[in-house]
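One chain, chain A, links the two complexes that follow: it is found with chain B in the first and with chain C in the second.
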Partner chain A sequence: MISFILRRLMTLIPLLLGITMLAFILMSLAPGDFLTPVKAQRDVSVELIQAIESEFGLDQPWYIQYYKWLGNVLQGNLGHSWAYKLPVSELIGQRIWATFLLSFSSLIFSWMIAIPLGVLAAIYKDSIFDRISAGLAYAALSIPEFFLALILVFFAAQTGLFPLGGATSIDYEYMSFGGKLLDRAHHLILPTLALGIGSIASIMRIMRANFIDTIRGGFVITARSKGVRESVVMFKHVLRNAINPLISAFGFALSGLLSGALMVEIVLQYPGLGQLMYQSILREDQFVVLASVMLGCSMLVFGNLLADILLAWSDPRIRLERKN
Partner chain B sequence: MTLFYIFREVFRRPLGIFSACVLGLLYMTAIFAGLLAPYQTNEQDLNRTYHPPTKVFWKDGGLHVEAYKLVDPSEARYELVEELSYPIELFARGYEYRLFGLIPLERHLFQVKDDIGPIYLLGSDSTGRDVFSRLIYGSQVSLFIGLIGIIITASLGFLVGGLSGYFGGRTDFLAMRLVEFMMAMPGLYLLLALRGALAPHFPSDQMFFVIVVILALIGWAGTARILRGMTLALRQNQYVMAAESMGQPPIAILLKHILPNLVSYLLVAATLSIPGYVLGEAALSFLGLGIQEPAASWGLMLSQAQDVKVFYLNFWWLLIPGFAIFITVIAYNILGDVLRDIVDPKMQTS
Partner chain C sequence: MFQRMFRQALLLGLLIFLLTLISGCDRERAEERPKLPVLPLPLDKLQVNFPTGVFGANLSETVPGDIATVNPLVNESLAGSLVIGRILDSLVTLDPVDGAVIPNLAKSWEISEDSLQYTFHLREGIHWSDGHSFTAEDVVFTWQTFFAKKQDELTGENMMDSQGRPVYRYNSRSTFGQLINGQEPKVEMIDLHTVRFTTPEVYAPFLLFGGGEEILPKHILQDAFKNGTLMDQWSVQTAINEPWKIVGLNMFVLESYRPGERIVFARNPNYWKVNEMGERLPYVERVISKIVQDVNSSNVAFAQGLTDFESIAPDNVAWVRRGQKKFDYTLLDMGPSNSTNFLWFNLNPGTNSEGKPLVMPHKSKWFSDKRFRQAISHGINRKGIIRGVYFDRADILHGYVSPKRKFWYNEAIRKYEYSTEKSKKLFAEMGFQYRDNKLYDFENRQVEFSLMTNSNNGLRVEMATVFKENMADLGIDVELQFLDFNTIVTKTSDSFEYEACMLGLGGGAPDPYAGKDILMSGGRMHFWNPQQAEAATPWEARIDELMRQVGRHTDVNIRKKFFNEVQAILAEEQPLIFLVSPKDFIGYSNRWRNIEPTPLGGVTWNLESLWAEPE
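This part shows the complex of A and B:
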């Protein structure tokens, strides 16, 4: 198991190298650099600009820049953000929690709803409930996330029930601790809905299909013929077996945790990592882009790894080690 | 399984007929955009911003359209004028356009007679442009980006997947590492980065092709991986060995003996991945990074609906492009599912 995890984590190294290199090439293809707007600002001294230029080798071609950047990163220095005038690590540290909170709440929200719905749809297969939920799931899968977010904002503006965007109110700083929590939760509702509805649909469909497959199993007939109550058959025998494939889906959901919320964050002006990434690409805020790309990719790899580990843990038939 | 058989089966299923008809209608609208749209995409009318949709009704032996009067310009509030209405002329003369990009024409399906008033079937936007006309012209971008994109993706995927599956060895190893690399990147991040790098090198009216190329560059990896596996299995067949021993070049074997076996899979996979292109274009244009004004696309039109004014004053008609995207995506998803049921119900496509 440990060698498997180590091997998978080793693949992260060439991946991160390749991706950051690609990002460097792509950004050097775009005209101008992030110092162009900085140079135009009067409050930044010439010496500082020169110091930065030599520290990160901005006057040199991209491969030397890349080499220098890599050296800095290996020493734990992710560089500076120009737009925010902060070290990148600090900036990302601020934003990552907002995105994490949002993704996590939508993950919990969608799983709490999707699994019971999927089970019900499977138990009452071909009933009216099953058909309606299947149709709704189809619609939910086809609706673009950002359009859903837009409709929700529209709804919020018309009814005044929810804030139009952001993560906190203006007077957040002056609230009591409980008030702060409530305020955060209030701001989280719309983005959670926008992000969660699509995944409710997909998880529900997987759950329903798994459940129906499992009901056909021989052990279900055995359990029923023993005279076990139907509810016990369904929830104790079938559900436990049917939920297995969803565990890997959970890992995949984790892998998209930090990069999946981009469009929703932008529409709902939620100050998370996706919005930061989008703005820094527009402003050519190079080091922020690189750091968030690295973070997104690492999450992807970790999520997939976790999916495999969870699967092996829940299903002893799966062996992770290669057979020699 | 011939293509003809697949098409016949699609039209035997109610969902197949339904989705094929919806898509047919959408594409016909896109092709005949000039004929159907009463206005051009850039025809502004700053005196009639955020005009509400006008109803069409029958009066005095002809079609008429409601007339509105601007009451409060600051809130863009309009009031219906009961006694006034504008007659509609069918197949009337209007602005010049080229049907199919070739035939010069100036007839339009409907227009207000002598242009005495506006006809806004779906209202007007912040600069008084007709949402209905822009929706129709926008469909050209939003619908064809998927078709062109999927052709590039499928050919690239077949080329890489087929070659690496056929040759195996080092080619295969390198190609598959590249594929894994592509698949390990968060798609939207890559989309944004590629757009940032490529776009400044092209004029804004060529944006359509830049977006198609970017979307295809992102999408080919998954197709290549699956096609490689299928090629790997197919090349064990005796007819492939026969062709090899007769000295046919690999490209000919790939095209003549392997491709025909992949066609039905490609058809299903293509149908199910077109929505990704439609959504990708919409997302980019929505962010202002795709199709540029004054051209129209559904995503671009939706970005106008992000205005606080739109939210508070209930200009709901600006959200209609979103429903157009939704209908297109759902039609493709249904058609893809129907095709999969016909070709192979057990196929894994996700």
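This part shows the complex of A and C:
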């Protein structure tokens, strides 16, 4: 097991090298750099621009910049943000909790709804309920997240039932602890919906298909012929076997935990990591962009790793070790 | 049994995890907020003459975009300057009515006979928001931070760059902005309340440019200045965790900051302005600024009655006006704004790295003929742009100076009314002819060019479209290119590979010398042909000379005479073809009292005297 995990983590090294190098090349190919907006202002002198360029190393070719950055990263230093004059790790630390909270709540929301719905759709296969849920699922799958978010903003603006954006109200600072929790929850509802509805549909469809497959298994007939109650058959025997493939899906969902909310955060003005990433890409604040890219990439590898481990743990037939 | 317990434990664990996540979002502060001491009123307090009001109301507003820092030496964003401007203050400020330089932290000043020495007398008895005395030492410290030199670690000598210029320790905008022809002005402390600046040569805008620098607190920042971390101070991290460490002399202090959400300012209890009754201002207890990502969502917030003050974009005025009764606010037309929109042709005669000319030689020949530029200017239907693009909420712009700057505006310059006949006459003079309603030059080449503008500015994209139609009426084919802003900047300031470009400029300092980088031929922003080693044309040479005079004379009437001529030359030569200037609109909630908006100061110039009944 340990050697499996180590092997997996080793693949992360070339992956990170490749992806950061790609990011560096793309950023150097893009027109302009961090200082371009400064150049567009009238009261900035040539000397200032030259001085900052040499301070940031922007006057050097990309491979030298990359080499220097890599050296710093190997020493555990992700660099300073040019715009914020802060270590990148601190900057990400400021925002990561809000994004984590949002992704986690939407994960729980979608799974709590999708699994029961999928099971019901399988049990009552071809019923009216199954048809309606299938229709809704296709509709939800075909609406992109950002569009759903836009519709929700419009809904909030028209009804006034939900805040238009942000993670807290204006008077948040002066609320009691309970009030703060409620306020955060209230602000979480729309982003959670926008982020969760798409995955409800896909998880539900997977759950339904698995469940139907498993119902046909021989052990179901055995259980029924033993006289086991139908509800026990379904929820104790079938459900446990049908849920296996979803465990690996859960691992994949984890990998998107930090980077998946980007669009929704921007549209709903939710102050998380996605907004920071988006703004630093627009500003070409190099080191913040690179750190976000690395974070996303590592989460993907860790998510997959976790999915494999969970699967091995839940299904004794799967062995991760290579046979000697 | 065991399973049920396990399940309950799992649920409980999940709940605890979520709670920690939520509280992770408001990490506890490292130390408690200190209570600000309230010191006696300063000797040189400033009494403002507005009717006495009631203390304690909160004001809400929006900030355009998030801030990246609260350090004025680092800041590059508009949102940042708005926030810093609430906290820090400067020696002099501008009169909101006539735009003259008036006392602020300095109660008075003298300028020596030779116009080289500026002696400022500071208000006595003023305190920083944390209760520390404000003295001339703070002013001297602020200027030290601009011009501190980087020293060689081994020899301890000042380092020089390859061109023999000193290397500065902190590369801030002020460092290079305050250099006068490459030389530093000197600053010395005469006594605790007097400070004297000496400029290396006569430099008229110094009173405004130098006196307008925001003063930094020496007692807070000197350690960071010495150990080299000055630029890292007052970051957003400080603003989030220890906002009280950011102290200032202006009417507010930072109370809290939440990235992407809001900035809260609290009243500075040691402010130095008082009302008629001698009570310390401002009336406002707190300012809550919501961070929004664009102008439209900011305007929406105001139109729903969520914010108190707002400047309204010209294309949003119509629908914002509809809410006036329902949400009890007022929308005012403040007349012409400082923003200008213009287009120009690339007059750069150079070649690119492969030796190809930047602009095709025959096109270069058209563009560099002033009659061609004049003909284009006559061919633009500016009234049509105002009606079609701005719905009448803009004014025709004839020259470099917006009519808002009444004092510097030269009414007598040449104006280019919309007249296709005049354009065609000028083209005929140049030997151009028409065939099948298309214009051909003297070598029988069809007249066509491409015009680029930034795609993220909707109004400018529409203006470019009107321009294309106007040119079609003249028989000229214009190819429009809507590009990313960074690409435009790269093309206009680095590669110079374009034919024509449409851009705009916002406010800028009110002194004409602030435009030297645009107007002088060696300037970095001399759009049509920047950074010339020597003026390429006689008229550019004349503008260079006139601008030098504008910088050198302190008599404002002499300066105006020179600057009038600059405007007249620009109008005659049309290197920049000006289009329109949008109007300023401001809105304010009717619950506020003592509101006296002025075109220059807007509605919040007397923020300390504004009051409302606390809710």
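What we mean here is this: the second predicted complex is superposed on the first by the 298 of 324 C-alpha atoms of A that agree within 3 Å, B and C clash if a C-alpha of one lies under 4 Å from a C-alpha of the other, contacts with A are read in each partner's own complex, and residues count from 1 in each chain.
Just so it is clear, a contact is a pair of C-beta atoms (placed from the backbone, for glycine too) under 8 Å apart; a residue touches a chain by one contact, two chains touch by 3 or more.
The model shown is predicted, which means the values in this text are computed figures rather than measured ones.
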### Query
A:18 contacts which: chain B (first), chain C (second), both, neither?
first
### Task
Go through the superposed model and pick first if A:142 touches only chain B, second if only chain C, both, or neither.
first
### Partner chain(s) touched by A:88 [first = chain B, second = chain C, both, neither]
neither
### Query
Touching A:246 in the superposition: chain B (first), chain C (second), both, neither?
neither
### Message
Quick check on the superposed pair: does A:307 touch chain B, chain C, both, or neither? Answer first, second, both or neither.
### Response
neither
### Message
Just checking: does A:297 make contact with chain B only, chain C only, both, or neither of them? Give me first, second, both or neither.
### Response
first
### Message
Let me test your reading of the model: by the given contact rule, A:101 touches which partner, first (chain B), second (chain C), both or neither?
### Response
second
## Note on the structure
Both chain B and chain C touch chain A at residues 30-31, 157, 164, 266, 284
### Task
Note which residues of chain A are touching chain C in the complex, please.
30-32, 36-40, 42-48, 51-52, 55, 81, 83-86, 90-91, 94-95, 97-98, 100-101, 104-105, 108, 157, 164-168, 170, 173, 180-181, 184, 266, 269-272, 275-276, 279, 284
### Of all residues in chain B, those that touch chain A in their complex
181, 184-186, 188-189, 192-194, 196-198, 200-201, 275, 279, 282-283, 286-287, 302, 305-306, 308, 310-312, 314, 316, 319, 322, 325-326, 329-330, 333-334
### Query
For chain C, which residues are in contact with chain A within the complex?
14, 18-19, 21-22, 24-26, 60, 66, 68-69, 71, 74, 76, 165, 167-168, 171-173, 175-177, 179, 231-232, 235-237, 240, 256, 258-262, 264, 288, 290, 292-293, 297, 300, 484-487, 489-490, 493, 505, 508-509, 514-515, 517-518, 524-525, 531
### Task
Sort out for me which residues of chain A touch chain B in the complex.
15, 18-19, 22-23, 25-27, 29-31, 138-139, 141-144, 146-147, 150-151, 153-154, 156-158, 164, 256, 259, 262-263, 266-267, 274, 277-278, 281-282, 284, 289, 292-293, 296-297, 300-301
